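Chain lettering (A, B and C) follows the sequence in which the chains are written, and residue indices restart at 1 in each chain.
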Amino acid sequence: MRWPDIKEGFRNFWIEFKNIKFGLFGLFLLFIFILIVIINPYLVPFPDASSRWRDITYWEDNPVSAPPLWINWFSSVKRASSSIISEYTLTEEKKGNLTLNKMIFEYEFFYDRPPIDIIFHSYVVGSPVIILSMERPDGKIITLTKRVISKITGEDIRISIGNDSRTESYNFGMKYENPEQNRIERELIKPTRILFAEAEEGILVNPSFLKGIYKIMVDIVLPSSNDQVSESSLFISGGVSGWLGTDSAKRDIWSGIAAGVKWALLIGLLTAFTSVSIGVIYGVVSAYLGGWQDSLMQRIFEIFVGVPLLPVLIVMSAIFRPNIWTLIIMMSCFFWVGPVKTVRSMGLQIKEETYIEAAKAFGASSSRIIFKHMIPLLIPYSFASMALYVPSAIVYEASISLLGLGDATIVTWGQILHDALRGGAVINGLWWWVIPPGLFIALMGMTFAFIGFAMDKILHPKLRTR
Amino acid sequence: MIDNNTILRVSNLKIQFFTSKGIVYAVDDISFSLKKGETLGLVGESGCGKTTAVLGLVKMVPIPGRIISGSIEIDGENIIPLSETEMRNKIRWTKISMVFQGAMNCLTPVYTVGYQMMETLQKHKEMPYPEARKRIINYLNLVGLSEDIIRRYPHELSGGMKQRIVIATALFLEPEIVICDEPTTALDVVVQAQIINLLKELKQQLGLSVIFITHDLATEAEVADRLIVMYAGKIVEVGTNENIYGSGNFSHPYTKKLIQATPRLHEKVSELSFIPGIPPDLINLPAGCRFHPRCSEIIERCKKEEPPLIEVEKEHWIACWRIVNE
Amino acid sequence: MYWRYCLKRIIYGLVTFIILIFIFSALFNTTMEKTLRSQIEEEIRAETLKMDTKMTPEEITHFIAERRAFKQHLYHLDKPIWSRIIWRAIDVLSLNFGKATIMKSSAGETDVWAIIAECLPRTILLFTTAIGINIILGLLLGLKKAQKAGGFVDKITSIGTMVVYGMPSWWLGMLVIMFFSYKLRLFPSGSLHSIPPPSGLAYYIDLLYHMALPVLTLVVIGFWGSSYLIRNIVLGILQEDYIMATRTRGIPERKVLYGHAMRTAAPPIVTMALLSLLASVGGNIIFEGIFSWPGLGNLYWISIEQNDVPVLMGNLFITTALYMAGLVILDLVYGFLDPRIKVGGRR
């Protein structure tokens, strides 16, 4: 087998492959997955999802267990979407050493349900004083909260209206509420539900909401020229959030899923490649050597075959708690048995060919015969096998992660499902948490199934019908 | 020639395969006849259409092939318009049976020999079990096998034994025509000789009419009376053994080359002669005479027109422009 | 001939199994011993509490040490590591799995074997039913596909096979539960039977009712694959020479298909069926967990959560034993069905 022959082989293979529609579709899907991995930072709102999956501060601003954005299209009751407002009008005023800044953020609220929280972020140096207030579409102005910063040397601060303006909202509400009819404890109110409600009776217990443009005003007092408040933004934490919603730990699920793509590809491809390579080489060498060596190799093979894979993997994971690379190695240690039987019988057939005898007569070494003459014939079969092993590897890893035995430092779809199960997603009907991870596992499985079956079809012309 | 002695007449038979790469003209307008008691040899290279033609005779051409046109008359009845059911019940095995090429794989591996023979027998002839059994054993003995073969599975038997079983099965319904498709090709020489002798005996004993396909001229000469030479889906020569091998004055260039290519035992051979070139692509056939790209005796006309079969002497037809010219 | 083949396979199977058990024992030795030692301490503590409390502190210490030495000797903990591994393996092979740390069987026994023996039939019930249905549907569809290979039905169902190829059965189970159990409230979300279980005929109906969702999920995922495989097997056989030869002999199509073709296809199809069954012994741990089906798989899950090592180990050994036994039986059945093996080679 020379390089031109191999190139020729690939070209012929590709010509045949092109004709199989579902094979091409599979390649197309694979291309999309790879694209997701590459453009990940531009595709998701939380690009560091993978490394900061367990870091609660990263996800702080998201709502808890919120359904996806597009739910609003199908629902008559539209909830506020999560969004970020980074534009504001800024007016500066100087009074001696003091600087008075006023930032105004405009928020268009035309939903049926108000946001859950509004969070002000900013980078602060020194000891400024920050006062937040809100002007409603009906002209009423409410002071929400005041934060005095004591001498810091540059860090991000976060002011949450939902947390910090409880008293002010309550007082605002009490102005319009009828205390005889509707009583409610201050601790039990949700500030945003009052702030965005019509100023009328029932505001505390059964509000209807006021739609319009709200202005969030941030007054900043900077006592000296060393103080600084910059890079400000307003985060609206809505009732619906993100393309796939959020989970009970406030994580954006779409970011998690997209982060999981690269791990799935890695786990699947690496395991498939390693195990099929080992298996094919093992089978060919066993066939080539023949005799007692072949028998011995077959006995060893049978020992590995007798292992029920998932239970053993689970027990080993439970006891040794491997990381993802160790897991891949463990899986490869068992997956390799798959191709061996077929490859060995193919190898036995090839061995009988006269050109092998001829090569031996010419004095070719065993490794040369095996690698230059026998293995190239098995390459198409190897690729088809690899493609079909990828989904299995991904499902096994997902199973291990689902039991909580997976590598907690990375995000895989199995991990997300584990959290879903633990977080009561099934019982509480949080379908946006349960469906996407499994769906993506199935989609990736489908992709490689299309590709692998197409290759299989080319390899077995006997099963063709026309 | 309407002849009471003719039991098979094939006229203008065309069989084509419709593949994704194009139409394969496997059998392109052939006509021949078979007389009662005669053995007709059919020779040609691999892929020339011999097997397809005889499969057409039992209407078992595999998909994607189809009989396009022509007629096949067995005992005066054209079988082409018959339905599958009629073929199965009236024609196959009762009127015309086949001994297959590569008997290695002709018997279902999971049933015993006896079961399969009994199944075939009972399908076509209602017989009480003991009588059927006797007939099977009779024919097994006829081909030189003992009765306990019945309980064996195909994989337990040698190639020669399997071939004999296939022959016995082909004969025990006493059909009028038996087709032997290269029955000895896969066997070693010793067994080959045995089978050929057996066939000659049976031919005598049972008065069979046989179509015998082979690519080995030596075998053909031993077994057949007349022979047909096929090339690329067409018949190029028809004649008796005498005409073709013997003192014959005329010969199609292809036949000539075939005969030359068979080495003689008592000749000194310094160089093996062969026919140059490769068999034609049956999808993209050459224009004119199909053999012309490989022929060493072509004239201009060969490249443009296909020659028809012309009777050059009694019982001897050849399709060749050069011969016509002479 | 066949008996020799059988014997060979059985012996190979046993030897392989024993080797595997030894490997497992060696691998998990430390963990199992840790549990064993703490169990011994528990027992000693319990014994000392029951004792006559009039003993002096030295006597008590001496007693404890004596009991400890005795028990360690009993469980071979005082021997070198090789010996300990061998003893562990021997224990397993004689089905002596010890006592569970925390779990109990429904009868309250702590004997690991009892716990496992209770769960085993439930797993077998569920998966045999599902796979049985899969095979029947697979045969029906697969034969249709093989007969009209390349046709519309064939193409569409092949696409279906590929679509569910990578779909985890337990995920589909989650969806099915979310939809049919919680949303529509048509079916129970899991377990073997309602609490308290009804008696008589109602018990069986209740059982079927609880089996409905899991079996449905398994069948929806499984029958595509089996029909595809059966189609390939049968198609491959239909292209063989002997099928054409049989047809040429005038044998009717029904007999060719259901007699010759299917009979030849029987060994590989049965292999496929048994292999699916075997795979379910080990592979459906999570599936059982999702449906709270109290079989062997679920037992794994629970024993991991509760950190009950003896049950986990015992379960592993039993699963391996079943798996190996299954493989051996598979070979035996295949040999029986295929005369090429059953009757052997040339005379």
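Rule of thumb we're sticking to: a contact is a pair of C-beta atoms (placed from the backbone, for glycine too) under 8 Å apart; a residue touches a chain by one contact, two chains touch by 3 or more.
It should be emphasised that the depicted structure is a prediction, and the values quoted were computed from it without experimental measurement.
S.K.: Tell me which of B-C and A-C has more C-beta pairs in contact.
M.R.: A-C
S.K.: Which chain is most remote from chain C in terms of Cα centres?
M.R.: B
S.K.: Could you name the chain whose CA centroid falls nearest to the centroid of all protein CA atoms?
M.R.: When every chain is reduced to its C-alpha mean, the one closest to the whole-protein mean is C.
S.K.: In angstrom, rounded to a whole number, how far apart do the mean CA points of chain A and chain B lie?
M.R.: Whole-Å distance between the two chain centres: 67.
S.K.: Where the centres are mean C-alpha positions, what is the separation of chain B from chain C, in Å?
M.R.: Distance between chain centres: 56 Å.
S.K.: If you average the CA atoms of chain A and of chain C, how far apart do the two points sit, in angstrom?
M.R.: Their C-alpha centroids are separated by 33 Å.
S.K.: In chain C, what residues contact two or more other chains?
M.R.: Answer for chain C, listing residues that touch two or more other chains: there are none.
S.K.: Would you pick out the residues of chain A that each touch at least 2 other chains?
M.R.: Residue numbers touching two or more other chains: 465-466.
S.K.: Residue numbers of chain B touching chain C in their complex, please.
M.R.: 58, 60, 62, 87-89, 92-94, 97-98, 100, 102, 105-111, 116, 119-120, 123-124, 152-153, 155-158, 169
S.K.: Show which residues of chain C lie in contact with chain A when the two form their complex.
M.R.: 12-13, 16-17, 19-20, 23, 27-28, 31, 149-150, 158-159, 161-168, 170-172, 174-175, 177-178, 182-183, 232, 235-236, 239, 278, 281-283, 285-286, 300-301, 304, 312-313, 315-316, 319-320, 322-324, 327
S.K.: Which stretch or stretches of chain A touch chain C in the complex?
M.R.: 22, 299, 302-303, 305-312, 314-316, 318-319, 388, 391, 394-395, 398-399, 402-403, 405, 417, 421, 426-427, 429, 431, 434-435, 437-438, 441-450, 453, 462-466
S.K.: Which chain C residues qualify as touching chain B in the complex?
M.R.: Counting only chain C, the residues touching chain B are 240-252, 255, 260, 263-264, 266, 337-340, 343-347.
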